[in-house]
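Note that subunit A is present in both complexes that follow, paired respectively with subunit B and with subunit C.
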Partner chain A sequence: MSPDILDETSEVWFGPQHVSAHGWATKLTIVGDYVVECDPNAGYFHRSAEKCLEFRTFRQGSLILERICMVEAFISEYPYIAAVEKIAGLEVPEKAKIMRTIMMEASRIHSIQFWLGQLSGELGLFTMMLWPWVDREYFLDAFEELTGSRHTVSYNTPGGVRYDFTPEFLDKLDKAIVRLEDRIPIFEDMLQGSPTFRLRTKGVGQYSAKNGIKWGLSGPNIKACGVPMDLRKDDPDPNLAYGMIDWEVPITENKEHPGECDIYDRVVQRFKEIAVSVDIIRKLLPLVPEDGPIVDPKARAKANRLPAGEAYGRVEGTRGVTAVWLKTTEKAQTPYRAKIRGPCFNSYYSLKHIMPGLRFADFVVTFGSLDPYVGWWDR
Partner chain B sequence: MSEMSASTLARNIINKIPEVESVPLEVNKVELRVPASKIRDVVTMIDEMVPDVLPEMVFGVDLQDDKYELIYIFWSYRARALWQLRVSLEGKEPEIETVCDIFPGLEWHERETHEMFGINFLNHPDLRLLLLPDELEGKYPLRKSFVTDKGRLAESGLPQPKPRPARGESK
Partner chain C sequence: MHKVQQFDFFQWLAGIPDWILGIILWFWGLIKWVLLWIWGVFEWIWGLIVIPENFMFLIRSLLYPGLVFILFTLIFAVWFTRKLWARIHDRRGPTHLGKYGGLQLFADAIKLLAKETIIPVNARRWMYRILPSVLLIAVLLPFMFIPWDPYWNIVGAPGFPDLSVSLVLIFAFLTAVPVFSLLIGWTSGSKYALIGGFRAANNQFASEIPMVISSVGPAMLAGSLSLFAITQAQSAIWYVFLLPVNFVTFLIAAIASVGTFPFDAPVADSEIIFGWRTELSGVYFTMTYFAEFAEQILYSALMVALFFGGFHGLPFLPGFANFIIKFLVVFFMFIVVTSSFYRLRQDQIVRLCWKYLLPLSILNVILVMLGLAYFSDWLVPLVTGGA
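Moving on, here comes the complex of A and B:
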């Protein structure tokens, strides 16, 4: 690079019209093609979900939550329900606990498949963009069989779940998982075996676990640094079934730089997440009781009017700590205040620290590797 | 360093800053009631004593009549402990010191609380609007006094929904 290029800085707006900018715009200050400053801008999709929740009853509220992140709808609607259950003192039947957990893990797999296609598309590997999306359809078919809807599933409800498993649904879920297990080695080979992929991801977009936690990152973005931080293990929700079985928190360790992770590690980590989710589903499916209620019979009456209280419902989402803080007043039908914590709010913020020093062409991939979903910051 | 339980850290903080009160929430989850002037001291102590602490969020609650609460949530995965700090604020334009130089992850949460509630974070590096459009600057939509669109339907000129007939009244 000739020195005169280095004298000038220019500002480039990346998005919101760019194809890889799913509705966000980031201002990058560049020298040559190196980024020196990154200023992420949120707000293009803001729909004020927190204010909307103050005007919806407790049973309606989860419907707003699931629309925030539709690719992991079973997970994104859950924290609100967990908070309502804590305040109302609802007891969830054992059968519903197991069914919830199975569906949340299926949703996690579906979300990671969606992300895998998205990231590969951003890398220019278009075969790898479409193949995971084909497999994702099998999970959507299973969701449709169970709930009648492919994305806005509305499966969890305060006190239990809405629909029981049917033999047709179990067939479709099994078909989706068997196909997934066949295809994952092919995907791993196509990505990790590809020299292009390794050149573009190894040593790019690095950060240390220490910094990542300070920036508020969680979930696979931190587990890729070798830190076993996982709410499913550390703070399991009493109304989910993660404690009933043995499973391991997946982590990835970078051999050259211990305690750090680059884009490659984060991709490897998410493949491991899929394997663990499949393991959890396989272990939980035989535990589902044949009979028994799937919802607390008093739930409808109890969740209509809640006592005064505060509760914090959280769950390990596909992208990290997903939580809702809820405050209610005595006998109110709607929340007094509901605060949503989306994991991607902090992922998007952390770009400000990750991007400086990287090249302009690495921007899309670096951001894509954090698994962004615009709904979580523009709630 | 051994893992510090939620109540041990709370005791350490109270020994150093006696104005702080602690309230147990659940197993290994503690709420600390912190005076607004001591927030930086408490957050600094959490940062120093718990190396793996995750700053989950900061947000406001409008208690009406110019009273506000700020809630900070910190989580340590190794100790499996959660600390919820509660700060009460008063006034038309309440103020508090920023903590985003200690935990950069809270920078945007403070920025959001500022635009939604009008709580001013002193020494915050960047308090531009984050999520709101420019025309809502200074309107603070998450305050209870903010009139929502439903109440302002008449201004828009759109047809108003017909009121439901009262019980026992014919259509």
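Moving on, here comes the complex of A and C:
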């Protein structure tokens, strides 16, 4: 693997106009076909989300958050709301807690489906790119039925949720999940069963759990190393319903290199995440009460002006720990400062350590396997 | 006393018209000579054309199995590929223009030809302009030797059906293709294009040898290097039944050589944008795009000729109908394979071709040799058409 037969290096900018670099640029120093240095550069997609939050009221702020990562909109808008709820001291009704959790898990499944397609496209199989995207439409239909919008759902609000479940929505969600469960074996066959997929992913982009934790990776990227690190279990949010049911944190063990994970393990881990999400949705759906408020009746008044304080709202997102730190001043309508912690910033910059020694063709696959979403590192 | 002749001005004046006439006549003679020469050339060409064999050759090379036919096959192949890929992807593919989107490619071609051609600053302009056309020509030339029909093939039939070494010539032309890819990548002055060019060369480097050796089996069975003779020898049995492994190795090596989907490292769009074609635009891009599809058609036709008996088949159908049916089946196989595997890395392509395809194809050649040596009394009549 060592590239010492050649000594002439050349620099290749991967992005920002590259087709698979949608708003990011990485400088790769290559020797022959090997990458010797990888220099990730954030900032090409910067839309000042944190500054924007300072000009939005507490009820509007989550709309900015969900635009940062639209494929997991139900999850990405939540940390801000959790922080607002903590400062305002809002009580979330039981029904809203369960509904939030169901929608977050549905959003997680949808996001992983999107990612599966993206990774397969980067690996050069457009069949497998479009198949998960077809199934993803079923979830989008359900979201549209519930909220009126496919991506920018604006579902969670301080103190509860905005819309109640309807029978039509429940039908569509059920249809989406049944379809998903039908298709998952096919996808597993297309991915893990494909010899060309194993050739491209086994032993590529490998890192150990120790390094992963050092670089700040979280979510499936660290669970694939066999570390059961999951905020849903470790720090159960009182306003979410993960504590109400029994479920297992999915982890993947690499048999050849224990405590390490390659691209293949990360894909396997995502399939396990889908299975667990389906399990959680299945277990929570019967628990949704028939009647009851879906939002704290005093929420509107309480969330208009918050007392002075600071709070850290966090949630286990599809890509890892997603969090917002919020500081407010007395009776202000907008936050004094909001700081977003996106999971993908860490995974993007960990490429600096993962990439050297790999081939140039492996770069985009390794990068894609970490489930990057540009919005999370250019806030 | 010698009388000095007086200069007569009027006489001189009267001579001017004659002089001008002389000049005009001289020019007229020149022009007539040139015109007659051109006319002579025309007459000579016409004299060649009106000879029935030559006239039919012209018709064949321009119309039916020649240029126009190949162009229409190309257009059909692009539509067929896009439609089938779409159906495999769970999409619809082109639908709007014409019945089942049949006119989509004409619209695409018009759009591409009408686009502005942007030549990068770093590009070598002359090479950049000329290479895509040379590439297309290099891909179109081997169609000369495809035996579409016992009579209707380009080189000529039935008296002089083929060159005796047409198989070798086809591979000679096809080997030049990645050289042009590499040169296009090199001369466009972009790092991605250069990487793509070298990957194209790498692909050919990997796949050429297994492909050529895979075609040795049919040539040995038929006892000829002429594609027409190989096809003609398959009247009793198609060689795909005798050499199935050879057919598979040829198919995989052909896909690798074209550089389409599982082996599309030269134009991997997620890695190196569009490989050696990154900087091409407008008409130059159209040419390379057509060249890729022409190469796919060529390999499918080659496979039909080498392994599926070419124009042999259902006896009540004309030869070309048999050929086209089998061509569509093989092309369908091509498309299905290209939409079911993940892209291989360049080193993996070389490993696959040299570690698996090369020994398999050599093994097949050895098997054919042993078969011809030890079972010649029943094998030779079978593989040469039951003669």
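We take it that the second predicted complex is superposed on the first by the 374 of 379 C-alpha atoms of A that agree within 3 Å, B and C clash if a C-alpha of one lies under 4 Å from a C-alpha of the other, contacts with A are read in each partner's own complex, and residues count from 1 in each chain.
As a working rule, a residue touches a chain if its C-beta (ideal position, glycine included) is under 8 Å from a C-beta of that chain, and two chains touch if they have at least 3 such contacts.
Every value quoted in this text rests on a predicted model; they were computed, and no experiment measured them.
Judged by the touch definition given at the top, the superposed model places A:218 against subunit B, while subunit C stays out of reach. By the touch criterion defined above, A:194 reaches subunit C but does not reach subunit B.
In the superposition on chain A, A:38 makes contact with neither subunit B nor subunit C.
Contacts of A:312 after superposition: subunit B is touched, whereas subunit C is not reached. When the two complexes are overlaid on their common chain A, residue A:346 makes contact with subunit B while staying clear of subunit C.
Contact with neither subunit B nor subunit C is seen for A:109 once the two complexes are overlaid on the shared chain. In the overlay built on the shared chain, the residue A:325 is in contact with subunit B alone; subunit C does not reach it.
For subunit A in complex with subunit B, the residues that touch the partner chain are 42-43, 46, 48, 50-51, 55, 213-218, 227-230, 234-235, 312, 321, 323, 325, 327, 336-337, 339, 341, 345-346, 349-350, 353, 377-378. Considering their complex, residues 85, 88-91, 191-192, 195, 261-262, 264-265, 268-271, 273, 339-348 of subunit C touch subunit A.
Residues 52-57, 59, 61-62, 71, 73, 75, 77, 80, 82, 84, 103-109, 129-133, 141-142, 146, 148, 150 of subunit B touch subunit A in their complex. Of all residues in subunit A, only 10, 12, 18-20, 33, 120-131, 134, 194, 196-197, 199-200, 359-364 touch subunit C in the complex they form.
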